[in-house]
Each structure stands twice: as C-alpha cells, then as structure tokens.
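What follows is a set of structures to go through.
In the two complexes that follow, subunit A is the common piece, with subunit B as its partner first and subunit C second.
So, the complex of A and B:
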C-alpha cells in the first residue's frame, strides 16, 4: 500500500568496487573501512604513546583505558595471570572489530564492515588457531584427549561424547564465533536500513508524511543502540576468545 | 545554544541517514552496466531462459576473496603495530607512572615521618620553654615579693621613726610652749598681783609665791 520497495540484501551489503573491480584486490567501501579501522587503531596508539603525561588526557587516556579494560577485564578475568601475554592480541581484536563495527553509525559510510562475513570469519579462524595452539602448547598431543574426553564420563558414553565434543569444539565453535558477530551487525544494519527506507517512503508519499516521524525516530534510537551493539559485540568476541584460550590451555575441566 | 546545536546535529544525522538510504539501489546504482551484469545478460541470452545461476544474489555467508585478503592484512598490521609498538609503549608509560606514584608515596611517607618527628621535637622544646618561662615567672614573682616585703618593712620602720620624731618634736614644742606660757602667765600674774598688793611684797617674794601657786595648779592638772 505504501508502494515501498525494500532493497534486496545484496544491495545494502555488497558494494561496488572503487578500484580494481572484479580483481582479487578489489577495493570497495568495506575494504576502505578495514583500512580506516586499522589506521584508527594504530593512530590511537601512536597518539596515546607520544606524550607520557602523569595525568593522561585525550588519546593517551583512551589508549590506557582500552589497555586496562582488555588486560584486567578480559585477559585476567578469563585466563588469570597466564592470560596477560595474550593482551596485545585481544586488544587488536577488540579495537579492530570495534572500529569496523562503528562505521554503521558514521554518516556517509553507514556500513559496518563486520556485516560482511570476511572479517568475522578471518578473526574467528585466527582465534581458532591461537586457542588450539595454546592448548597444544600446554598439553602436547594430550590436548586432544583434554578437549574431547570430559573427566568422569563412563567409557560407554565416550562413543557419544567424543563426536559431540569434536563437532562442538572443532567445527561449530569457530562458526558460532563468526556468526555471532557477523549476524548481530548485519541485523543492526538491516534494521537501520528498514527504518530509513520506511522514513524515506513515507516522506515521498505526501498524505502519510506526518507518520514519517515514527521510523525517523526509530533511525535515531537504533543508531544510538548500534553504538552500544558495536561496543558489546567487540567485547563479546574478544571475551569469548579469552574463554576459548583458557579452556584450551587450562589443566582443569 | 547547546541544545539548538545538539538538535541541529541530530537533524543532520537523520537527514544524512535518509539521503544515504533514500534509494534502495544506492549501493549498486551505477548507470553503466557492470562487467558481471553484462556477463549475466549474455548468459541469459545464450540460454534463452531465466533459469541461469548468475541472477542469484551473492550468498552473504560466502566471504568475498578481496575482503578476506584486505581484512586479514588490516588485522595483521593492527596486531603487529599493537604487539610490537603500541602495547609495550603504553604499558611502559603506565608502569613508569605506577612506579613514580609508588616512589612518590614512599617519599611522602618518609617525609611525613620526618615531619612528625620534627613536630614532636618542637612540641617537646615548646613544653621545655613553657616550663622554663613558668620557672622564671615564679622566681621573678618570689623576688618581687621579697622586694615588696623589704620595702614594706622599711616603710613601716620609716613611718615609726617619723612618728617617734614627730612625737618628740611635739613633746619638745609642748614643753617649750608650757615653759613660755608659764613665764608669760607668771609675768601677767605678777603684774596683776602687784596691782593687788600695791607693792606690799618685793618682786622676788611675789615671783616665788606665784610660781608656788602655779606649780600647785600644774600638779593638780
């Protein structure tokens, strides 16, 4: 009745190439955001470590807050003192994901780079290698027994438990790790597009113009919500990485 | 002013969001046919059917090669920068601050202990000075008392001496006055008696009689 044409999914997440259309190195909007996210992360640390004031302000303060938050709130919280050495890796995950996410609400860009599966998948696979690597380093080849055979399970049940544990830890875990981030950001992006398209549709249809205020308010409210989601999903992804590393290298079940 | 600014900012964000998403094909809205679109049209024409795979939208669960490559490169650069530069630098600054604050606190502690010791010293000296001053004041008071007593005694003695002197002077003056008076009265009485007895008696006899009489009167007084 509103004659609204909602864009197909591919139209709101697939971006045309800015350079190298169709090539393996094609640069599109999402790739541009990866670059800016990486630059922002590096810039934050360059500016943060340039002046070493006793009372930190600006970038130094922000960088120190992030370091402290990840070191104390994630690394130590999930892995204890043994987790401190993973702090640089966890900070990289947290900031890179956060900056990729936050482009959802940055005008003109308005596209979370993590609403494309590539970065969540790559990061989940890197985390996969890191946590299984940590497990192998801590337990040697006994790691597979540590990972697949929960203590106290009757031998008869092992036939059932081992395949379940294998599928869960070695196949599903990286997939769920990827999809949790990717799907949350994609859903947020679709939500914002929905409200924006609805506002635009009502704006064009003059008799319904006053109704446009509702989806317009939705855009504002969900834009604020997406800022929160950007932070939360970066935190969840990083926290889970810490939890997985701890589960792999710990000597308890 | 601040509110108006915030309202304008919010309106700007909404307007940008609306324009950015106004056209559903904003992401792929080129007027020229893309290479893959052109290829698809050719495939459709060749098959003479719409059942050609190229029309299917790309599966969002399948990563694009370029995005995987650049995403990986971006993360590796970020990790390298943080692990080898950013994190150690920030931690160094934070640790240096922690150490500086700890040493400042330790220094402040020792300075406080020193200050406490000095205060105790000063208080002890102050108490000594107070005792000393109290002693001096007491001594002075006692000396003053002694001086006062001496002065009082001397004054009393002077007064007594002066009083005795005055009494002696008065007594002498009184005796002199009595003697003078006696002489005068005698002369007057003689003169009077002479008038009475009309030279019956000589002067010496008269005088003896009168003096005998005066002595009698003086003894009776």
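So, the complex of A and C:
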C-alpha cells in the first residue's frame, strides 16, 4: 500500500562504524551512546557532589532527587533498612539504563542503546552475580536450600518442586530480566520508525500529502510516550533487582 | 507426507511465515492484555479506597505488571525469531 518499503530490522538497529571499521573495538553509534551514558552518570555525581550546598541548585538538585527516589522508592521499599547499603549500586543501574534509553528521543542519535541485547544482558548478569552473592553471604551454603526449597512443601513433592524452582530462579529469572528491558525499548524504536516511514512515504506521494499529518502526529505522541517508557523501564529493572536481592537474603520463612 | 500437503496448502492460500509469526504474537498478547488490565483496575480500586496506601500499591502494581508483561515480550521476541 502506498508503495511503502519498511526497512528490515537489521537496517534500523545496525549502525556503520564511526571509527575502527572491522576491528574488535569498532566504534559505532551504539557504542558511542554506551560511553556517553556512562560519562553522564559519572559527571552528574561529580558535579552534584562538588559543592555540597545546603540549598541545592543545578546538578546537585537533580542528583539529590535521584538519590532520594532510589533510596526511598526502590531500596527501602523492596528491602527495608537492610537495602540502604545497596543504594549506590541501584542508583548507578537506574541512571545508566535511563541515559541509555533516553537516546531514543534525542535528535541525531535516536537509537536506544538498550535496544541491542548486549547492555541489558550484561546488566542483568551483574545483577545476577549481586543477588546470588548477597544470598550466599547471608545464608552461606544453606542459600541453595533457601532458594530451592519453599517452606511447607511435602517431601514427596520436592522431587517436582526443586527442578521447577531451579529453572525459574537460576535460568528464567535473568532471561526475563534481560528481555523485559531489551524488548520494550526495541518495540518502542520500531514503533517510532514505523510512524516516521509512514510520514515520509505519504509526504512523497503528492495526492496523499494531507494524510501525512496523521502519522506525523503519531510520531510526536509516541515520542512523548517513549520518554515515559524510558523512565519506567529503568525503574522496573532497578526495582526487580531490589526484589531479587531481597528474596535472596531475607530470613523470613 | 501430511506436513508437506499442509505446507503446500498454506503456500496456495498465501499464508507466509511472517503472517503466522504476526498472528502468533497477536494470540500471545491476549493473556498479558487481560492480566495487566485486571491488575491495574484492581490497583486503582485499592488506591481509591485507601489513598494512604497508594505508594505501596503503586510499587506492587509495577512489579506485577513487569512479571505479566514478560510473557508478552517473550512473544514479541519469538515473533522476530519466527519471521
């Protein structure tokens, strides 16, 4: 219809190298975004903690809002007082993911770095090490019993329950943790590309020119929606990390 | 043999792998759609009845959404693998 040619998936997520074409350290747009997101995260706290004014302004103000949000809204909410010591880890996760995501709507870049599976995968693996590490630290080797044997299960059923718990806790959990972030951002990216392709397609065809305003409005609306999704997915990823840490180290049963 | 006949019939009817992948994703989105709708509806009800518990309900709601949504997203990934 309308002679529209939707680009194949590889065209909208693969970018040509900017430097070092073909080398193992080849830098393309996505790698550049990884670097900028990490720099922004570090820079925010370097600038924010330089003066330590009583009445915060600028970067310090923003940094304090983020710290308060993560400490009260995520660490304390999911782990109680024991979670406060994980706040720095959770803040770095939250901000890094948020900055990676937000490049989706920044002109020139317009590519969420988390729409390539590398970053979500590595972050989920770091979280995997942290929450299982927290569990091992809290329970010693009893952690495996704590993780695999739910309380109050009859012995005959253990044969069935232990494999299920093992698969869900040690295999499916990191997988869904990764895919949730990755697929949400990839879907958002494809959505924006779809509306942009539709707009330009209608724009070229003279008789349909007035119709182009509909997908153009769609681009604006979904760009706003993607800002919300960027924030929400960073929040959900961090929140789930908190929940997993709590489940690993909690003593109640 | 019957698989071959089925494949031939599918090709004759214009059913492609892409179409099947899209249809499968549509089917896979039904469950999470119902789930998230029910979850958010109940959360709004809880928040309206007890506004002082709104913060706790909201966190739990997002957590629930994240778990339910995972199913739809796995469907989304399978959609690309199936193309």
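Basically, the second predicted complex is superposed on the first by the 252 of 253 C-alpha atoms of A that agree within 3 Å, B and C clash if a C-alpha of one lies under 4 Å from a C-alpha of the other, contacts with A are read in each partner's own complex, and residues count from 1 in each chain.
Keep in mind that, in the parts below, a contact is a pair of C-beta atoms (placed from the backbone, for glycine too) under 8 Å apart; a residue touches a chain by one contact, two chains touch by 3 or more.
If you're wondering where the values come from, they're calculated on a predicted model, not measured in any experiment.
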Subunit B versus subunit C as contact partner of A:49, first or second or both or neither: first
Touching partner for A:9 - first (subunit B), second (subunit C), both, neither: both
Which of subunit B and subunit C A:27 touches, first, second, both or neither: first
Touched partner set for A:243, first subunit B, second subunit C, both or neither: second
Which superposed partner A:176 touches (first subunit B, second subunit C, both, neither): second
First (subunit B), second (subunit C), both or neither touched by A:234: neither
First, second, both or neither for A:184, with subunit B first and subunit C second: second
Subunit A positions touched by subunit B in one structure and by subunit C in the second: 9, 186
List of subunit A residues in touch with subunit B within their complex: 5-16, 20-28, 30-31, 34-35, 37-38, 41-42, 44-46, 48-49, 52, 54, 60, 63-64, 67-68, 87-89, 91-92, 95-96, 107-108, 110, 113, 116-119, 121-123, 126, 186, 192-193, 196-197, 199-200, 203, 216, 219-220, 223
Touching residues on subunit A, where the partner in the complex is subunit C: 9, 73, 77-78, 176, 179-180, 183-184, 186-187, 232, 235-236, 239-240, 243
List of subunit B residues in touch with subunit A within their complex: 10, 12-14, 16-18, 20-22, 24-28, 30, 34-36, 57-58, 60-75, 77-79, 81-83, 85-87, 89-91, 93-94, 96-97, 100
Touching residues on subunit C, where the partner in the complex is subunit A: 55-56, 59, 62-63, 65-66, 69-70, 73-74, 76-77, 80
